[in-house]
Amino acid sequence: MSDKPILEVRHLSKNFDANGVLKDVSFAMKEGEVIVVVGPSGCGKSTLLRCINGLERPDGGEILLDGQRIDTGADLVQVRRQVGMVFQSYDLFPHMDVLGNLTLGPVQALKRPKPEVEAEAEQALARVGLAEKAKSLPRQLSGGQKQRVALVRAMLMHPRLLLLDEITAALDPEMVREVLNVVLDLAREGMTMLIVTHEMRFAEAVADRVLFLEGGLVLEEAPPKQFFHHPQTERAQQFLNTFEFDAVR
Amino acid sequence: MDMDFIQRFTPMYVKAAGLTLRIGAIGILLSLAVGALCCLARWYRVPVLKQIASAYIELARNTPLLVQLFFLYFGLPKVGVKLSAEACAITGLTFLGGAYMAEALRSGLEAVDRAQTESGMCIGLTPLQNMRFVILPQALATAVPAIGANAIFLIKETSVFSAVALADLMYVAKDLIGMYYKTDEALLMLTVAYLTLLLPVSIAFSLWERRLRYAGFGGSVQGQ
Amino acid sequence: MQDLAVLFKGNNLARLLGGLGVTLKLSLLSVALSVALGLIVGALMTLKNPVVRAFFRLWLETVRIVPQLVLLFLVYFGLAKAFNIQISGETAAVAVFTFWGAGEMGDLVRGAITSIPVHQRESSAALGLTRGQCWRFVLLPQAARRLVPQAINLATRMIKTTSLVMLIGVVEVLKVGSQIIDAARYDAPQAAVWIYAVVFFLYFLACWPISLVAGRLEKRWA
């Protein structure tokens, strides 16, 4: 772990977006760090992630990757080769088998030799328990399996930073675990990740730091123990309370 | 029914069917090319070309082929542009078909989920690679039924070429009716000829469409 | 360019517009009949009876595969010869276009009805709606949104296809155009290019607004 920040976000703002607005968001993350962003829906979490890999153009502020501005319409293709992203809806390519999905980026974008990438892809599939699915089509997989493939697809680009946007939100509860285990493994291996999630127990387990976003502002930034057990702001307390149920009788 | 008559003139129909098929095939291929160009000009919002493509599509889709043909064959020579009947037919068919193919391809492109494009971007593909490996294969799969319907439509439309003195199926039938008054036989052979031409095309496309559907191409894969 | 003036000579313009009137009259009549018949045909097409299905399937494939011009010839010349019935070109045209249009319209109606997901029917039943109420408040409004734009598109196709009736001797806009050109062959040799261009735009003016409406509705109701 070096002390130089891998990603720096300074006074980021984005208006009039369907997924919420960002007013003034600043934070920095170091190599190997895992930051979890939580907050009520419409608080701008997804917009933040989409701005970082250039799917949305910010209206103000700066985003730096390894000290370089990346929000100025610089070479977005180059940026995205270093910043991986996985979505809630998996978005595997339906017309290609699993192996085709995994190798497309490394072979076409990074121009790596196909046999080498295929070998690596098969190893990676085995590690997430999908060794026998290499030749399957996406529609033959369960949601949890699709999402694990999507994670492997992003990882095979060897990104400097991985963005995960509510990757378990569309999954049946029993499949959430198998996907989150993969993410926990990645964290253990030192992958730098910025994660948006509604799984609070998972957030507490995986995060080095938690950002609490509301109304487009960072209201709280704290280590997970402190945030989940002693939230400082009233809004964060209220937010965490929505995950509790009162007994009926 | 006069079987001798039918036998005697079958070769004429076969020859005419060959002409119909040849012009139809050339027209369909050129239509796909023109359609693809128009579709891409609009998809990538190329200035000027985009407007020209849109105007052309509206013009071609909202006017009959027969009128387009009369303009090309009887009108243009009067101002010094002389095209052979066959050239007129191919030009007219391409003018009409290009617009329909452009629309079929566009609806194919639009049916590809935006998230697919974003996914392609997220694994670092350039816009061109994204189009080639991710978007286009899915768009074409979705567009197959519409392209097939257009192909059949265009072959059917060739029947008006007899009006500009092209010796196609319709022309032969009209000739035989005029010369021998064998209306029943001439019309029967005409109908059979078109069925023989178009049934295989129709069946081939519906089989292809079914195969694509079972392969699970196109459509959204979101959710389950 | 001065040959365009032929258009304004005598009553030429009025005749051309009169021809357009014949075109529109034939197409509107055919469209109206096709829609009325198509609604019934479409409802019948949703039946599960294999004989009924095969019959309508055959009908639909026939009108889809046999060119309209061939159908026109079959009815206009074939009927006359086979049964010794002399029908006018206009009657033949309306009969053929209705035969074609009712099949196509029926398929659109069938598509619109079957496109509504089953659980729409189930959830209306769960709400306690009767069968009739379910159709009236839930199914038909959804089917109509899908059907109307497509039906309008079919109407523009019919207007365009009426240009074929000149080939069976009906005097409509294209025929009037060529008559005007023939009459002016010596004083205005270039008239052909202008008159046919005018006919081209007349068709465009008739069809384009209708296509625009269909496109709007499709977008709004998608």
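Of note:
The first chain written gets the first letter, and so on, giving A, B and C; residue counts start at 1 in each chain.
The rule is short, and it goes like this: a contact is a pair of C-beta atoms (placed from the backbone, for glycine too) under 8 Å apart; a residue touches a chain by one contact, two chains touch by 3 or more.
Just so you know, these numbers come straight off a predicted model, no measurement behind them.
Counting only chains that touch, the fewest steps needed to get from subunit B to subunit C is 1. When each chain is reduced to the mean of its CA atoms, the one lying nearest the mean of all protein CA atoms is B.
Here the two chains linked by the largest count of contacting C-beta pairs are B-C. Rounded to a whole number, the gap between the C-alpha centres of subunit B and subunit C is 19 angstrom. The geometric centre of subunit A is 54 Å away from that of subunit C, both derived from CA atoms. Spacing of subunit A relative to subunit B, judged by their CA centroids, is 46 angstrom. Considering their complex, residues 113, 115-116, 118-127, 129, 133-134, 137-138, 141, 215-219, 221-224 of subunit B touch subunit A.
Remark: subunit A residues 53-55, 76-78, 80-81, 84-85, 87, 89-95, 104-105, 108-110, 137-139, 143, 153-154, 157, 170 touch subunit B in the complex. On the side of subunit B, the complex with subunit C involves touching residues 58-59, 61-68, 70-71, 74-79, 152, 156-160, 163, 170, 173-174, 177, 183-184, 187, 190-191, 194-195, 198-199, 202.
The residues of subunit C lying in touch with subunit B in their complex are 61, 64-70, 73-74, 77-78, 80-82, 156, 160-164, 166-167, 174, 177-178, 181, 189-197, 199-200, 203-204, 207-208, 211.
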